[in-house]
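Two complexes are shown next, each including chain A; its partner changes from chain B in the first to chain C in the second.
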Partner chain A sequence: MTTKKAVSKKNKKQSDHAPKITAHDLAKGQREISVSEFFTKNRHLLGFDNPRKALLTTIKEGMDNSLDACEEAKILPDIKINIEQVNNAEGRFRVTIEDNGPGILKSQMPRIFGKLLYGSKFHRLKMSRGQQGIGISAAGMYGQLTTGKPVLITSKISPKKPAHHYSLVIDTQRNEPKIIKDVEVKWDTKHGTKVVIELEAKYQKGRQSVDDYIEQTAIANPHADIIYINPEGEKIRYSKTSKELPVEPKEIKPHPYGIELGILIKMLHDTKAKKLQSFLMKDFSRVSAKVAKEICKKANLYEKARPTRIAAQEADALYKAIKLTKIMNPPTDCISPIGDELIIHGLKKQINADFFVSNTRAPTVYRGNPFLVEVGLAYGGDLPEEGLIRLLRFANRVPLQYQQSACVITESVINTTWRNYGLQQSSGALPTGPVILMVHLASVWVPFTSESKESIAPYPEIEKEIKLALQECGRHLSKFIKRKKKAAEEIKKKSYIKKYIPHIGIALKEILNLNDKQERKIVNTLTDILERSRS
Partner chain B sequence: MTTKKAVSKKNKKQSDHAPKITAHDLAKGQREISVSEFFTKNRHLLGFDNPRKALLTTIKEGMDNSLDACEEAKILPDIKINIEQVNNAEGRFRVTIEDNGPGILKSQMPRIFGKLLYGSKFHRLKMSRGQQGIGISAAGMYGQLTTGKPVLITSKISPKKPAHHYSLVIDTQRNEPKIIKDVEVKWDTKHGTKVVIELEAKYQKGRQSVDDYIEQTAIANPHADIIYINPEGEKIRYSKTSKELPVEPKEIKPHPYGIELGILIKMLHDTKAKKLQSFLMKDFSRVSAKVAKEICKKANLYEKARPTRIAAQEADALYKAIKLTKIMNPPTDCISPIGDELIIHGLKKQINADFFVSNTRAPTVYRGNPFLVEVGLAYGGDLPEEGLIRLLRFANRVPLQYQQSACVITESVINTTWRNYGLQQSSGALPTGPVILMVHLASVWVPFTSESKESIAPYPEIEKEIKLALQECGRHLSKFIKRKKKAAEEIKKKSYIKKYIPHIGIALKEILNLNDKQERKIVNTLTDILERSRS
Partner chain C sequence: MTQTITRIKQSASSIHNKITKRQKPSMHFPIRALSNVKYTPKRGFFELRGQKKVRTLTVNTVKTFAQTLRLMSLSKELIEKDDIATKREAYYVSKNWGDARFDEQPESDTLMDDVEAMFEVNREQLGFIPEEKGGDVAGQLVVVDRDQDTGKQIKIDCTKFGSGAYSIPISVEHLKFETKAKFILVIETAGMFQRLVKHNYWKKTNCILISMGGVPTRACRRFIRRLSEGKKIPVYVFVDGDPYGITNIYRTLKVGSGNAAHINKYFCVPNARYLGITPQDIIDYKLPTHPLKDVDVKRAKDALKNDPFIKSHKEWQNAINKLIDMGVRAEQQSLAKHGLNYVIEKYLPQKLKKPNSFLP
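What follows is the complex of A and B.
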C-alpha cells in the first residue's frame, strides 16, 4: 500500500509542475534511422531469416537483376551462377552471378550495389522482376553482416572499353556505399556484369532449394541460357528453348481510376502542364480531350485552370469526378506474358508427362494496375500418382518459393473444384494426382505481402482471373483423363475379344470342316476387323 | 522462323559492339527512392491494407506512442480516443488521440510526426511498444494520401508554458515534414500531446475491431485510464485497476552471443574504448574483466590492442572466440512484465468467469535478446461452452489483431496437448471450451513478421517458453475442472441420499416404535452427518 500512496502523491505533485522526466529528457534519444539500419535489424523482412533462405534470396536477387538488364537491352540472357564453399569455413559460401547484359556505368555501380532504395524500376509503371530497389544491395549487406566481406562487382559496358571493378561495403548508418577498391581490370567478355557475395549460408537440396529455384526460373524464362555450378562442383546447364526475346513491355502512365487523392494532389502540384485539361490528358493514360473535359465539367472546374493552383477542396471534387466518369481500361502492352507455346515448351523440357495444356488470359486491371494470368499444367507420365499436386508459383517470371499458404495463387487453386476435372481433392486442400501446375502473374506492380516477395496479396480481381485460367485448363485436363480412361477400357475389351478369336477359328473349322489355311484366314480377318473397329 | 533468324543475326552483331541499348540508356532511370515513397506504394506492409484495418492501425500507433511516453516520464497514463465520422463524407473519419504524457519539444514535433524512420526507440535495447520509428508518421501519411488533409498535433510540456500546435504533411519525395501551420495555442491541460488524423476508414464492430483492440489494451495495461468515444457517440471508459506504474525497464548493452560479425566489426570501428579488453567490457553486457581476457586469449589477440586497428581477419577470430567462451545470460531488468496479479485483475474486470489463473515465466534469451512470456486464463462463467477458445495475443502490452495463424503464440497453443488439461482439441486446431487465453511476450526486440507488427516469428526459444507457461496454467485448470466435476458428482450423490433420509426415519420409527419428535431428531441428525461428511 505504501508504494501506491507514494505514487499517487508523486502524481499529484506532477500535475502542478512539468513532469520530473521531461520532454527535454525524452528528446535526447530521438534520431534518424537509416533504411539500412532498419533492414539490418529486420533482415527477415527481406528474406534473410536463416542461412538456407539467405542463399536462395541472394541468388534470386542477382538473377532478377541480370535477367531484367538483359531484356531491357534486348540481349538474350546468358547467366552463370556459381556457389562455392569457402575454404575452411563451415557455413560460409561465395556466390558468383555473371551475365552478358549491357553492363553498368561506373558512376552508377556503387549506389546500385551499396545503397538500399535506389533503382530505376520503382518509379515507373512497367513489368519487371525487380520493383523495389532493395534486393541486391540487401544481399550484399547480409554478406557484410555475416562475414564482414565486401561485395565485388565487375562490369563492362562495351568491348572497346576496359571493365571496371569495385569492391564495396554499405555504410549502414548513412545508407551509402563505401568504396574499398576501385580499379580498371581486363575481363575477356564483350559486355556484362559479375557480382560476388560471400555470406553465411546453408546449401541443401529439395523443395525451396536454390536448385529448385534455378530450374523453375528456366521454365519461366525459356529465352535464357543458365549455367549453374553447385557447391558440390556439379555443372547443370539449362539451354535456351526459345531464341526470341519476350515482347518488350511498354512503360505506361497511371490510370485515373487507380489514383489516390493524395497522389492526385501531388501530381497537380508537380505537373508541367499549364491547363487542367492537358494535365489530365498528358499525365494519365486513357484520358482523351473529351474525357478530360467531361471530368472538369463534373468537378465544376474550369478546364483551362492552372493545375498548380487547384486547392485541396477542388482536388477532392476532381477526384470524385474521375470516379464518376467512364474511362477506358489501361493499355496492356506494359506487360509481357510468357505465352501458351513457350509455357508448354518449358514444361516439356523439364518434365516427362503424358499431357500438357496452358492458358494465357487477356490482361485486365486491379487498383488501376494492369495484370495478366497464365497457367500451365502437366499430367501423368513420370509424375507421382500419389500425394498433392505440385504447384509452381511465378510473379513476373520469378519463381516464388516461400509462404505458399499465404498466396492468392494457392488460395485460388484450393478454391477451384478439381473433382469436376477428374482429380481428387479434400476440402481446403490442393488436389491430388500426377500433376504439375504452374501459375504466372505478370503485372506492372505485383502486390507482394512482404519485401521478401514470396507471396501475392489476395486481390479479388486477381483471384478471379487465376480461377478462370485454371478452369480452362481443367476442362482440357478432364477431356484427356476421360479419353485416357476410355482408351484403357477399350484396350481391356480388345484383349478379351482377342483371346477368344482363336477359339472361334477352331470352332468354325470343326463346324464348317475347314483346312488350316482357311482357319488362319478367318482368325486374321477377325483380328483385323477388331483392330480397325476399336482403334 | 524469320523473326528467330533476325534475332540471332542481331545477336551476332551485338557481340562485336556495345549493345544497342546501352548502359548509358539504362542509367537514366536510376534514382533514389525515399522511404516514404516506398511505404506509400507498399502501404499494406504497414497495416494500411484496407479502410477497416487502416482505422485500427492509426489508433494503435497513436496509443502505443502515448503509453510509451507516459511510462518513460513515469506518469500514470490518461488517454482519450475519439473517432468521428466527417460530415457529409462517406467513409471518412477524424481520429483524435490525447494523452497526459510529458509532451514533445517543439523542435522534435515535425520529425516525429512527419518523417518515417525517426525516433528514440530503434537504437536502444529496452522494452517499449514502438520500436521502428515508422508508425505514427505512417498513419499521418495514410491520412494525407486518402483525404489530402494534414496531421494536427498539439503538445504542451509544462503547465507554465503555452501549448504548441503544428499542422503538417509529409513531403514523400524527401521523407521530410512540410509545416503548414505553426502557432502557440492555449490548451487547458498541464502537459500532454493531442494528435488528429483525418483518413479514409471503415468502422465496424466485432473481432479485429477498434473496440476489441481498446478493450484488450485495457486488460494488458491496468495502470492506464482510457476513455473511448466511438463514431456512434457512445462513451466507454476503462478505469485504472492499478495505481502503480509498471517497473521501468532498463536499457541494456548488447549481449556478445547475439552479435553478428558485421556488427562486431562496426562496433570495433565506432567504439570510444582504447583497448580491446575495455571495449568488450564497456560495449557489451555481462563481460567481466576475466571474461574479456579469456576472449582475447582464445582469439589470440593482445588485450591492450586498439579496437579500431583490429583487422577483418582478427575480428573474425574475436567473433569465434566469443562463441567459445561461457558468458552469463543478459540482464533481464530491461523487460517489465505485467505480473500474475495484474493479469488476473485485468481479466476479472472484463470477463465474468468461474476460474482465473496466470503464470509469468522467468526472463530468458533468444538471439541475444532478453524476453519473457506471461499467460493468463479465464474459464467458465459467462464464456460460451461451444466453439474454439478465444486467444488474445500481446507483444510488449500491445494486442495483436491480425495474422493469428502466422504467429508463434497461436502455434504454441495449438501444439500444446489440451486434452491433458480437461479441454477438447482436434489435431492442428485451438482447443474448444469456455476459455479466454491471454499470452503476452515482452522483449527488448519483438521479432515481428512484418512492419505492421501483427504476428511474432517462430523462434524455438520463444515457442518453448510459451508452452511451459501454458502447461503450468493448464495444470491448474485441469485441477479446477476435476474439482468442479467432483463437486457436481457430490451434489448429485448428496441429493440421492437426502431423498432417502425421511424414508429411513419412517422405517426406524416403525421398527423402534418412536414418537414424531424422535423421528424428526433422527432425520435431522442424519441430514447433518451427510452435510458434514460431504462438504
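What follows is the complex of A and C.
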C-alpha cells in the first residue's frame, strides 16, 4: 500500500511540472491497425518464423487450398509443386503450386490472394483443411516482404474460356490487393489454378522438411496425385492409390454447446429470424421447438422476443440457459474419414514394413463440435529398430510438422502404455521401436493452439478417442510382435541345436574313445530329442 | 590322478547311456555359495550341505552343456599327458572349439569350478592351475622341493632371502618342510611384511613370516595348512581391523570360502588364530581410524546374519558388533603413529605374551 501511494504521489508531482496531455492529444496517436500490418509484425503466429519454416508454410498453404478446392468441386486432385532456387540470389526460391481444381473467378482472385482474412471457410462449420482464410495471402505477403516480388496467379475456370493472369501485391496498410498486371493468357489445361510466390527461404532435408510434408500429405490423401520437383531438380511422383474422392463432408450449423458468448451475441445480431425461438431452431443444429422453448424458459425469456433486443441485454442469461439444457449431440455424418483401408494403402505406398494396422473411430463430439479420430500403424521392415517411434500427426488430412510436444496427439501417445503392446517406453516419452504411427483428427473445427495450425489443444474428449484408437491398434500390434518373437525363437532354437550338439558328440567321442559312427549317432539322437522338446 | 580320469569317464558314459536311451542327459553340481555351507567348529572348515543344481540338456543349456563336456575332455587329455594348463591357457585352448569357444575367461572359470565341484576334486587335480602366485615367505623355514628336470631334492632356506622372500608355488602338495619355528605369523599387507623382514623380526622371535597380499590364494592356504599341521606350529593372523580383514581375509584362510566349499577340506587352516588388529586394540592402542563406509557396515551385517563361521562364534559376533558401534576401522600400519618400529618393539611382543586371548 505504501509504495503504491508513493508512486501516485510521484506521478502527481511529475504531472504538475510536465505539460498537460489531453484526451485530444492521445487521440492523435490512435489509428487503425490493418490486419496485414499486424501480421507483418507478428509473422511467427502464421508460421513464418524462419526461412526454413516459411518455405514449408508456403507449400502447406498452397496445397491445402488446392486440395480443398478440388474436393469441393469433386475433382480428383492432380497437384504439381516446383521449388526452384532463383539463380542470382542465395536463399531465394520460387515456389509454384499448380492444381486441376475448378479455378477461381476473375473477380475473386485479387481478394483471395491479396487480402488477409478473406475466405469461404471461416464462417461455416464444415470439415476442410483451411479454416481462417489467412494462409495463402500471408504466404504471398511474406514473399513480397522478403523479395519485393508480387504473387503471380493464373486461373482457368473452363476449357472454353481463356486463363486469367494476375500479378498482385498487398497494400499492408489497407489490407487491400493492388493489381500490378491483369492479362488474359493461354494455358493448356481444362481448368485449374497456378500460384507462383518468390520468397526468401531455406531448403533443408530431414525432419520437418518440405519433402517430409509432401510425403505425409500423400499418405493422408491417397486420392491425390502429387508431383514434386525439389530444388535439386529431382522429380518425385506420388501416384493415387484410390480413385474415389473422399465422401464430401457436410456443412452443419453450430451446436449450442460449442458457441461462446461473443459469438452468440453476434449471431443474435446477424440472424434473419424474427423471434428468439425460431432463431434457436434455425441457426443451430439439434434444437427442436421443444428444446428451444425449454431454453427460453430457463433463461426466463419470452420466446417471441426479438433476437437483436436479446443481444443487447439478455444474451448472458440465454448463454447460461443453453448450458443448463440437455441438447442432443450434433450430427456426426458431417465428418469424412480417410478410412481404415485407405490409411493402410497410404502407409504401404510410402513405407516398407512387415505389419500394418489401422483403426477409424466412430465420430463423437467435443464442445458441440463433431470430430473423429483415425490411427494407422506400420511396424518392422525397413523402419529403424533404434530410437523413438516416428509420429505423424494430421488434422483434416493436413500433416502437422511443428510443436509436436504441445499437441494432444503426442500427449495421448505418450499416455498410452505401449509396454503392454510389445514396445519399449520410458515414462513421459514416446515409445521406441520400428514404428511409424499416424494419427488423424478430422473435425468441422479443429481446436488448434495457434493460428499457424501446428498443434491441437488438449480436450479430454479428443484425448480419450485418440487413446481408444491407439489401444485398438496396439492390441493387434502386440499379437503380431508375439507371433514374430515366437518364430524368431524357433529359428534361434534350431540354430542353437545345430551349433552346439556336434560339440557334445566330439567331447564324448574324445573322453570315451568312441568311433565316428557312435559320434554321429549321438549327434542325430540329441538333435532329434531337442527339436521335439518344447523348451 | 587316474581316479579323476575314471570319474570323468564315468560321468561321460552315463550321459552317453542316457542319450542312447533317447533320454535327456543331465549333470549334477553342488551349489557353490555361502547359503549351501555348514560349519562345525570341531571339524574346523566350511562343508557343503546337500543342495545340488541339475543341468539338464535343453535348448537353453545346450551351449554350456557342450562347453562343460569339452572342458572335461581337455582335463582328461592334460592328466593323461601329465601336463597342466593355466586357467587363461584353458580359455585360449577353447578358441579351437569353433562355436563352443568361450568368449571371455570368466565363462571358462565358472565352468571349471563347476567341473571341480562335480567331481569333488580341486582344479589342480584336473590339470588346471591359476595364474596368481601363492604368497611370500621369510624366516625360520627350509622348504624341500625338487628340481623340475632331474627330480633331485632342493633345499630352500627361507632365512637366506635377505630383503626378499620365498614365493609359494602354485602347487604345494609335493613340498616338505624342515623347521623349528615357534609360530607362523600370517600378514595381510606386503607393506607390513616388508617392515618385519627388514628388521629380521623372524630372527628375534624364531618364527616364519608369510604375506598373503589380500584374500589368500588356495596355494597359500594349502601351504600354511600343510606346514602348520605337519610341524605342529600355531598360526597367528595379523590383518587390518575392518570387516574385510575379518570376514573375508581371515575367515577364508581359516575355514575356506562358500564358492570353493567342495575343496575347503584341504584349502583352509582351522588352527589359525586372530592376533589383530582387534576392535579392542583400536581402543587400547589409541589407533588412528577411518570411519566405516556403507559397504563395510553392510559386509559386517551380512556376516552376522549369513556367515556360518561368524554365527557359531560368540566372540566374533561381539567383536563385529563392537566395530559397527564404534563406526570406525583401523589398518595394520596405523600403529606407525607411535613410531615406525612400535609394531616390532611393543605391539607384537605384548600381544604374543597371551596367545590365549586371540580371537578364534
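Methods note: the second predicted complex is superposed on the first by the 419 of 535 C-alpha atoms of A that agree within 3 Å, B and C clash if a C-alpha of one lies under 4 Å from a C-alpha of the other, contacts with A are read in each partner's own complex, and residues count from 1 in each chain.
As a working rule, a residue touches a chain if its C-beta (ideal position, glycine included) is under 8 Å from a C-beta of that chain, and two chains touch if they have at least 3 such contacts.
Quantities reported herein were computed from a predicted structural model and do not represent experimental measurements.
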When the two structures are overlaid on chain A, which partner does A:Ile501 contact: first (chain B), second (chain C), both, or neither?
-> second
For A:Leu105, select first, second, both or neither according to whether it touches chain B, chain C, the two together, or no partner.
-> first
Check the residue A:Glu510 against both partner chains and state whether it touches chain B (first), chain C (second), both, or neither.
-> second
First (chain B), second (chain C), both or neither touched by A:Ser66 = neither
Determine, under the contact definition given at the top, whether A:Ile75 touches first (chain B), second (chain C), both, or neither.
-> first
According to the contact criterion defined above, which of chain B and chain C contacts more residues of chain A?
-> B
Touching A:Lys493 in the superposition: chain B (first), chain C (second), both, neither?
-> second
Would you check which partner chain A:Leu530 touches, where first means chain B only, second means chain C only, and both and neither mean what they say?
-> second
Can you name the residues of chain C that touch chain A in the complex?
-> 8-9, 12-13, 15-16, 19-20, 22-24, 57-60, 62-63, 65-67, 69-70, 72-73, 76-77, 97-100
Residues of chain B defined as touching chain A within the complex | 3-4, 7-8, 10-11, 14-35, 37-38, 40-42, 44-45, 49, 69, 72-76, 102-105, 107-108, 111-112, 115, 117-124, 132-133, 144-149, 155, 157-160, 172, 190-191, 243-245, 260-263, 265-266, 312, 315-316, 406, 445, 447, 449-451, 457
Where on chain A does chain C make contact in their complex?
-> 493, 496-497, 499-501, 503-504, 506-508, 510-512, 514, 521-522, 525-526, 528-530, 533, 535
